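In what follows, subunit A forms one complex with subunit B and a second complex with subunit C.
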Partner chain A sequence: MTALFELLLQGVTLGGLYGVIGAGLALTFGVLRVVNLSHGELITIGAFIAVGVTALAPTVPVLAVLVLACALCAALGGLLQVAFVERAMHFRDPMVPMLVTFGIAVILRNLLVETAGADLRGLNVGGLAQASLQLGPVIIGALPVVTLGIAVVVFAGLAAVIRHTRFGREVRALSDRPDIAALMGIRVARVHVKVAALAAGLAALAGVLLAMRASVSPYSGVSYLLIAFEVVVLGGLGSTRGAFAAGVLLGVTQVLSAWWDSNAGLLYVHLVFFSILVLRAMTGRLS
Partner chain B sequence: MPLLELSGIHARYGEMAALQGVDLDLSEGETLALAGANGAGKTTLMRLLCGLMPPSRGEVRVAGICLPPGDPRAAAAAGLALVPEGRLLFDSLSVEENLMIGAGARAGRWSLKAIYDLFPVLRDKRTQPPGSLSGGQQQMVAIGRALAANPAILLCDEISLGLSPLVTREVYEALKSVQREGIALIVVDQDVSRAQAISDRVACMFQGRLTLTGPAATTTPQAMKAAFFGDAA
Partner chain C sequence: MTPRAFSAGLLILGGALAAWSAMRLDPGSLYLLSEVVVIMILAQMWNLLAGYAGQISLGHQLFVGLGGYALFLAANNTGVPIWIWLALAPVLAGALAIPLGMVVFHLKHAYFAVGMWVAAEIVAALVLKWSWTGGSAGLILRPGGESMTSNPERVIFFGLAFGLVALVVALRAFLASDTGLALLGMRDNPQAAEASGVNVRRMHLLVFVISAMGCAAAGAAYYVNALYISPSDAFQMNWLIAMMFVTVIGGLGTLTGPILGTVLFIAIREVMTNAGYSGGTYWIVIGALAVVVLLVAPRGLWPAIQDLTDYTKRKAFR
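For the complex of A and B:
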């Protein structure tokens, strides 16, 4: 029973991370109506910025590295929105911005290989990686708990911003009815840039948290994008709260299935995703 | 100088011409009832006026200043606000957030308090999502949302669509209060006679053209009917 509880707890901590992986994509889709295929690359860039900064200045605290990676990635996301995606959004066909983000993903991935090499990298967090917490009979790693704590704080903060700020109201209005939102005097393009920057910052956060737990390569973006898509589709298109819940579901599935079948990897995660899609299709609730 | 001037307005949806040379003006504080069958171009004209679509030819002037085509922010800043057909409220926002979202486009008297004074029933519903309100209350939110931008010209598209006669009467009473504040109105309503009753002038469209404009008090139902079906009076 204790072992099962430990597994569930591990699953929840992993799920928090998956939620963060999907949150930026959910935001981009919900507000911009753009399927951002470069989201995975933004995650890896966030990880590589953190790894690079730590290599150059090992004494910089991890938290400062995390904030710097998020800020730089947010600036990159905003810049890409202004330079490419916003222009592509003027076309009526949603394929145009999607293909633009695909192109951006390819360029970013290759730039990363050229500048950082194709090796696997991880972020050294010192003793935190090995530290563990004892909660009664349950023992759990400190790093996953910290990851979950950060995810919970980020999701709570995101919810508060969306719920209580003018920016949040504008985001919700744009998500509901973009044309009528423009009528209300909302600076649509400016909100788009802020959302793209926020989404890229969340991607970087996910990247740094991933690099703390495992190794990341410039080619990891595609697999992160797949997880992000599953989180977004399960959680409801555009819902950040749903992204967190879906992340937890997939995280718990992965940890439980690894206990059952240690070679399964993400197989059961994808199977659960597929099963829920089939179930939704059968009950007519695909969208 | 008229408050609003449209000269030689053409608009297209792809190959289809939706507006074909519309010339129209509106004075400060004036109310115009705009009639026409479905597809005559009324909604297109409303959308064009508030910048939701650009004209393919022609220009819109507010107080003598030409509006940039297809720029809703510029239209809002110039004083044009739309109560759209079907209300189109923001479902993720509460009633009060819907009312606040457009506030600040221009300075004026339409504060949140003034809107609640006009529609007292909304005061108790301020925290609710608009989807939980009746059709009439939703229309009040839509009117309040447009008023919050302190417009000089309020565009009301299909103002009584789907409303009961009792609620329609309430909505028209509110529009009279808006008139008393000196706001110009363009009212589109399937019930032409009701819109005509509160208007200074009437206009009728047929296949993207204006087929009639005249004083509301003296334009006969026969003349309206003829214009409605494309026969110029």
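For the complex of A and C:
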């Protein structure tokens, strides 16, 4: 019983991380209506910025590294939006921006390989990696709990921004009726850049958390992109709260299936996702 | 010249050229040319779905791997000659594609793209896990349990090259037929096509299965040449990246585009490798080329060239 509870808890903490991986993609997909295939690369770049900064200046506190990685990645995301994606969105065919982000993903991935090498790298967080908490009979690692805490704060913050700020109102207006939002005087391109930067910042956050938990290579972006996709599709178009719930479902599935069948990898996660996706499509509950 | 005479001429010329190259060229060049033709076929098949049916698949590496594995498993476990299995492997993959197609065509746009990708990941994970498929170690081609006695590259190249010419001729004829016109109408306006009596679902399934079979045939031929198959190679994302970039750069929704794109794709690779550039730099160049082409001429290079020549022709007549 305790073992099962520990597994569930592990699943939930992993799921929080998956939610963060998907949060940025949920934003760009929901607001920009662009399937951003470079999201996985933004995650690995965020992780590598953090690894690089810690290697160059080991005395900088982890929190400062995290903020720096998010800021740099957000700037990169905004820049890519202005320079390429926004232009691609002018063509009425939604295929064009999707294919452009695919090109960007391949460029970013190989730039990372050329500058940082293809090795796996992790982020050393000192004693936090080994520390564990004991709650009665249940033992759980401190790092996953911290990760889950960060995920919850991020999702609550995101929901508050979307609901209560001027920027949030513009975002909601744009995602509901972009044409009317533009008529009402919202500067569409400017909101797009802000959303892309926010999404890239969230990607970097996910990357840093992933690098703390395990190691990251320039080639792992593709698998993060797939997880992000699964989180977004399960959570519902542009819904951040749904993204969190979907992340938890996938995380619990992964941990339970690893216990059941240790060399399955993500097989059962993909199977669960695929079944739900098809079931929803067949019953017509998928836009 | 009538279209039929043009097609016949193309077939005879292509067949003769393929036969001559297969007999005369050295094995190294044949191996490289086989890879070129494989990518041309794969890109044509991805393009059939993306450019003519409007569905972008992120999981077409699935069919490359399926074709390869169908052939290796069938040839290794039976005494039937490998050439027969080479013809049957795409049929097998096509049969598996029918239920998958019926399921994924409930999905549209981004959902279809992700659904296909996840399907490919599931199959790759199963092949990696099962022991009868060789697991992560992969399989060595041993027809009927014995090792290959002769190198197959000459026959394989002839089959691939002639297959490509026949495929392009067949696709030309298909697109000019009633069914092909219905397909084009469906891409441009699905509601209007359905209202005019086109069975959209059946049409999608037809194109999906053809696309799967073509990829499986190319995959089977490629891995016979390689004599070895493993899940990390057969189901790798790079197959998809090649299909997408080649089609996007050459021209989405054209038959010449994938051919032109593949020539550029391989030519740039060979030139850059000979000049000593790393693989990473090559991919950066290809990615940049794709982005620039999409932003400047989103329909690809071949339609852009056609527009340009049309323009100069009109100027000349004025």
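To be clear about the criterion, the second predicted complex is superposed on the first by the 286 of 287 C-alpha atoms of A that agree within 3 Å, B and C clash if a C-alpha of one lies under 4 Å from a C-alpha of the other, contacts with A are read in each partner's own complex, and residues count from 1 in each chain.
FYI, a residue touches a chain if its C-beta (ideal position, glycine included) is under 8 Å from a C-beta of that chain, and two chains touch if they have at least 3 such contacts.
Everything numeric here is computed off the predicted structure, so don't read it as measured data.
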item: Which of subunit B and subunit C A:M184 touches, first, second, both or neither; value: first
item: Partner chain in contact with A:V67 - subunit B first, subunit C second, else both or neither; value: neither
item: Subunit B versus subunit C as contact partner of A:A142, first or second or both or neither; value: neither
item: Subunit A residues touched by each partner, larger count belonging to subunit B or subunit C; value: C
item: Partner chain in contact with A:A88 - subunit B first, subunit C second, else both or neither; value: second
item: Subunit B versus subunit C as contact partner of A:N263, first or second or both or neither; value: second
item: Touched partner set for A:A173, first subunit B, second subunit C, both or neither; value: first
item: Subunit B/subunit C common contact set on subunit A; value: none
item: Residues of subunit C that touch subunit A when the two form their complex; value: 50, 56, 103-104, 106-107, 109-111, 113-115, 117-119, 121-122, 125-126, 128-129, 237, 241, 244-245, 248, 252, 278-281, 283-284, 286-288, 290-291, 294-295, 298
item: Residues on subunit A engaged by subunit C in the complex (per definition of touch); value: 29, 35, 84, 87-88, 91, 93-96, 98-100, 102-107, 109-111, 113-114, 222, 226, 229-230, 233, 263-267, 270-271, 273-274, 277-278, 281-282, 286
item: In the complex, subunit A residues that touch subunit B; value: 169-170, 172-173, 175-177, 179-187
item: Contacting residues of subunit B [partner subunit A, same complex]; value: 50-52, 72-73, 75-77, 81-82, 84, 88, 90-93, 97, 100-102, 104-105, 145, 149
